[in-house]
Amino acid sequence: MDYVIEMLNIRKEFPGIVANDNITVQLKKGEIHALLGENGAGKSTLMNVLFGLYQPEKGEIRVNGEKVEISNPNIANDLGIGMVHQHFMLVEPFTVTQNIILGNEPKTKTGKINIKKAEKEIQELSDRYGLSVDPSAKISDISVGMQQRVEILKTLYRGAEVLIFDEPTAVLTPQEITELIEIMRSLIKEGKSIILITHKLKEIMEVCDRCTVIRKGKGIGTVEVEETNVDELASLMVGREVSFKTDKKEATPTENVLKVKDLYVRDSRKVDLVKGLDLDIRAGEIVGIAGIDGNGQTELIEAITGLRKSHSGSIQLNNKDITNLSPRKVTESGVGHIPQDRHKYGLVLDYPIGENIVLQTYYQKPYSKATVLNYKEIYDKAEELIEEYDVRTPSAQTLARALSGGNQQKAIIGREVDRSPDLLIAAQPTRGLDVGAIEFIHKKLIEERDKGKAVLLVSFELDEIMDVSDRIAVMFDGKIVAYVKPEETNEQELGLLMAGSQLNKAGGSQ
Amino acid sequence: MTSNNKFLSLLIPVISVILGLIAGAIIMLFSGYNPIDGYLALWRGAFGDAFTIGETIRRITPLILTGLAVAFAFRTGLFNIGAEGQVIVGWLAAVWVGLAVDAPMIIHLPLAVLAGGIAGGIWGFVPGLLKAKIGVHEVIVTIMMNYIALFITNEIIRSVLTDHATKTDRIPETASLSSEWLQTLTFYSRLHYGILIALFAAAVMWFLIQRTTIGYELKAVGFNQHASKYAGMNVSKNIILSMVIAGGFAGLAGAMEGLGTYGNISVMSGFTNLGFDGIAVALLGANNAFGVVLAAILFGVLKEGAGEMPTGAGVPTELVDIIIALIIFFVASSYIIRWVILRFKKEGK
Amino acid sequence: ACGGGADDEDTNDEGSTGNDATNEEEAEDFSAAMVTDVGGVDDKSFNQSAWEGLNAWGEEHGLSQGNGFDYAQSDDVSDYIPNLNRLIRDDYNLIFGIGFELQESIEEVAKQNSDKHFALVDDVVEVPNAVSILFKEHQGSFLAGVAAAQKTTTNKLGFVGGVDSPLINKFEVGFIAGAKSVNPDIEVDVQYAESFADSSKGKMIASDMYNDGVDIIYHASGATGNGVFNEARDLKNSDPDRDIWVIGVDRDQYEEGEIGDHNVTLTSMVKRVDVAVQDVTNLAMNGDFPGGETLEFGLEDNAIDIATTNEDAMNQEIIDSVNEWEEKILNGDVDIPKTHDELDTFLESL
Amino acid sequence: MIDALQSIIPTVLFYSAPLILTALGGVFSERSGVVNIGLEGLMVMGAFVGIVFSLTFEDVFGSMTPWLAILAAAIVGGIFSVIHAVASVSFNANQVVSGVAINMLALGIGVYLTKQWYGKGQTDMVDGFFRTDIPILSEIPLIGPIFFERIYATSYVAIILAFIAWYILYKTSFGLRLRAVGEHPMAADTNGINVYKMRYVAVIISGVLGGLGGSVFALTIVSNFSHSTIVGQGFMALAAVIFGKWHPLGAMGAALFFGLAQSLSIVGSGIPLLQDIPQVFLLIAPYVLTILALAGVIGRADAPRANGVPYIKGSR
């Protein structure tokens, strides 16, 4: 059989946990092979083993039928294996070219790096696969989607025949995902083989040939994608039935909770990113903001939550002006915020989970009295939320850093929801999470709505927006350009609106 | 698992000290000294009689405080190399109040001690403010503030506190930490009540950091400024507060010298080194209050004991610096010691 | 003989407490020790000189280190008290504190141990069982100024001080007075480094002064002076014909000035701490301990001296002039100022 | 004016050269992600070796001695810094702690051995370096006398090394890799770069340059070794690293700035206008100026992202 890569009976342990337990994956030449599993199932670990970052305790790896030892990434590179990591491995202050050639620099006779030559080569590679990357741009100046292409170029530059993509689409906008899929197809056309890790079953159905499922570190089996469907994949992965369409009753919105009027917000370079935005949210409804990344969503949320000063306009909560109040004041007025970047904003990773649970309330009774903390109250609350939100952690004393992304997210959601805010802002709440966790979080958001709270959901996942929202506000170029009802629209129409097209039920395209 | 960890955390410093002493012994052997004589002299120098014990405690006192000054800032993610300057201004301020104010002891002494703390706090405020508002790296500013403290203090002693003399008068009894009783108890060592203040300060730091919302905020800011801002904390305020409190501890160390050990202040031709030693003490004590106290004790004992080594055994006192440095290395490299211990344990099973 | 100020009557009165202590012992049982300041016993300066004095005394009486005399080294100002106490516990009869930094420590310890004798070099202690040993640095500095005034070709001199303090001011003032006594038109550029250990500052100051036309620098700045010598040697090296001089302090700094076949050390203001230490120890041993007194050692005791090691530089003319002024000083014809105020009156009287 | 420059600039150069050299060492180490507060100790080691070598071999090598002495100091500095590398790269020690230990250890060893070998706390004087005119360049009118007359060759060695360091860090693959390791070690690792090796090399380079800086200081300024030879210069070099934003030329600029500020404070006391200002203001001027420059012009300086973080393979 012509397998390019075979990982046979791989076992990898970490202190106290078996991340991979006897897993087998075989990759055929020219195929896109999906790797599917819940958060923490062991997918990344398995791929890191293949890439030489980890050494397996047991098992065997074969490349083109030959048994190999991959003790470091150099060997993987030499064997033609390249990896696009879940967290990008890019040096931010460096240029695209510098990142790509790092470790394989072309040199002039004098020992100087031959940047010109490298840039030309990269331009050629980029053109060949339709990546349209600017070789001289700085990583910190380009979008996440671009950064991912740089990662792809990195592997191609090293002559990779096999590419591993670890959750490449989790951080991309729908447009970027479509483009990535195109890129993967062109890679296959050029004779490469791909292993793709993703939580999005639709993507698997769309591009993959076969799919290997892992559950809790164990290999469940490999299926031909043509012979399966989304529901079967989901239940293989979770070990039970999963419902995708979130059940919810009709919304019964009441009085107005959030009223944003003619808001202007500037970014750090003093450019207006929110430009005269109006937005209303009522109690008992979920408003989803659909939009392409970079149209001012982040700045809007930061302005509402007090993390960023707005430049003009007003924000009212329950008819009280909260414009430019400090984050603390905003929180106290009744706003909860599940931040987009959970590592940067959501958690103090070096604090125990317990102490993260009171991140905004530590100074209030009963968690402290006259500035003295009451650890018993804090940890009682933490235990309660850990139980209620099914946060999987050895204990409340465990550092937040040690938890998996999904569990970190559940802890944040528990914390924010538990304060019972009048307005709950959820930014990308399910990014990178497996279907089980997504289902759970969606249920929680809807529960809040049913309790009569207002929910503002920002997501780049149109599915999520369509499923969860009662009303969709389409954001483009710093403004809400349209309101639509999820049951009255479809992805194509939303896509066009998000791209700035004026068309609506009202009229034709521009 | 955790109790195991706690045990290791205690075991590692002990092993480090033993390794450091063994290394010191080897060096003595190689340079032709008798290590046993050397260490006996060290012991006599630190614990030989009531006098040396008194002096050892006296030496430990300011080290605890400068250790706290560095450790406290560290907990907020700041590196305070400025304890040295904060000690100097604290010393100056304490003596100044000691000399200028005329009041009964119950008012005078606390006032003078407080003045030292406040002066140190002000010296910490500047780098704190610049860090918080402009993002200027605190390491450079604190280094520069050390020199500024030294020169300004000398000038004030010469031009304000005295008429161009090198040292001020002694502070009156009402502002003095020293005590006849403690001195008689220890054959006229300079042991003074400052040790109580130092230990109390350590308890305050522990309580502040571990038990209060202030500590909770300071640590959070040290770990992650973004999340702290998200949580509604005032990041700038916390950075400044941390440097002010840290400076306050160092200022108190200066007050201990001014009100306790020396009873005055002299023109200094160089740094006191209390602040720089404080860095080592803080790090050796893992930046936690209890650890700082232990590290200061170790440091003080070794340094005080070292004085006896040249006369007692002919060994240069610098040997003790080498030993302390090695101990710090061993503690810092605890990763490897931990690894070795765990290895042994596994094999033992 | 002992210091000029030591009145014999006083010695007997005040020394009585001391006599009780020493009379019970044989002279051979007498022991003496010293505590250095942070410079250390090998500072090539007054600590070392004091130690040499103690050694000479020991040799004179057939004693050896640790057996009749010894020293304790201070690495830190906080070491003074423990060191003094260590020596007290070791039962030395006479204990010296070397350097003004030990003033308070000696005072304190002497009060607590009235059965022992103490001596402090370079400052005054007012305790009956301690003697203060001072030097007339202003005399030596005056003569250094005389020599410099004779030697200079630019009529510009420099003075580099360690830390601005009454003690170092004495050097500065004496030097200026000496120079101007010879030639009132001479300018003296004065700078303090505010440190006794900052060679780079010493070098920068010297570089600036020599650049401004100063040709002789007198330094009283400890290791900061290393930088002064370094700069002078460098200038001499690149232009051996240029007249560049340094005047050393405390001991003969001839060696510091060596550069190839030349030597930039014009002379040094030498403080014979050894002479004073030996003197005082003998007094104490013989039961004449001048407790409570201040002994001022000067030219008359051979405890202050102007080095003439550099014979090429210190020509006969200069030596004659120095001797002439020395004569005047010993005769009491000049009253050398010790402070800035005294200097002002002195200069007006010129 | 020219006169003033001719007196100030050579002063600035000799004062700054040791700081430049040592700061360059700091730049290499910190660019690779290893905080180096042990620069002071590395300078002490360099000064010690430079002086001891000169004392021992002055008779053998004659006028070549100082050059060989700084070479020896550089080598020993490099070897000595391996301790810091082992602790902070291999044993994941807290790098600040390890640096503090380096400082204490160097001074302890230096003075201990001085006492062992010479029986006293300070060595005798050595000849060291002397100023020279730089051939040809010193002939250039105007510029020549200011920059190239009566200059320590070591000052130009320092400046040239700063440019070489810049070239190495920003133009060669070694530099690219070194900086990558300091920004994102895991990215470098996945690109097949040996993070540990790079960090070892960088720390050793900092030892070499620190040793060089210390020995140049001792041989151009102090002429002997004692516990007070190096007092704070290493910390000033560290300040120069940060002031210069971890850039070799920036660090050089910062070191020159320190030298200029010091020089002005000394020259200033001779300027009639400034003569009435109490001396203390001139004394603190260099330090106040530095703070003002930082607060007003330089502002925020971001360290290499992975600076101070031990790299543990496979950790998240």
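First chain written, first letter: the chains are A, B, C and D, and each begins at residue 1.
Simple rule for what comes next: contacts are C-beta pairs under 8 Å (C-beta built on N, C-alpha and C of every residue); 3 or more make two chains touch, one makes a residue touch a chain.
Owing to the predicted nature of the structure, the values given are computational and were not obtained by experimental measurement.
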item: Chain located farthest away, centre of chain D as origin (C-alpha); value: A
item: Interface ranked first by C-beta contact pairs; value: B-D
item: Averaged-CA centre spacing for the pair chain C and chain A, given as whole angstrom; value: 77
item: Gap in Å, rounded to a whole number, between the CA centres of chain D and chain C; value: 36
item: Distance between chain centroids, defined by C-alpha means - chain A, chain B (Å); value: 47
item: Where chain D touches two or more other chains at once, by residue number; value: 228, 231, 279, 283
item: Touching two or more other chains - residue numbers and ranges from chain C; value: 164, 194, 197
item: Overlap residues in chain B, where contacts from two or more other chains coincide; value: 151, 154, 270
item: Pairs of chains, among all present, that meet the touch criterion; value: A-B, A-D, B-C, B-D, C-D
item: Partner chain B, residues of chain C touching it in the complex; value: 70, 72-73, 75-76, 78-79, 81-83, 85-86, 89, 100-101, 104, 108-109, 112, 162-167, 169, 194-197
item: Touch list for chain B against partner chain A, complex; value: 2, 211-214, 216-217, 219-220, 223-224, 226-234
item: Residue ranges of chain D in contact with chain A within the complex; value: 171-173, 176-177, 179-180, 183-184, 186-193, 305, 313-314, 316
item: Chain B - residues contacting chain D, complex; value: 27, 31, 79, 81, 126, 130, 134-137, 139-141, 143-145, 147-148, 151-152, 154-155, 159, 270-271, 276, 279-280, 283-284, 316, 318-322, 324-326, 328-329, 331-336
item: Touching residues on chain C, where the partner in the complex is chain D; value: 40-44, 164, 189, 191-192, 194, 197-201, 203-205, 207-208, 211-212, 223, 226-227, 229-230, 233-234, 237-238, 255-256, 258-259
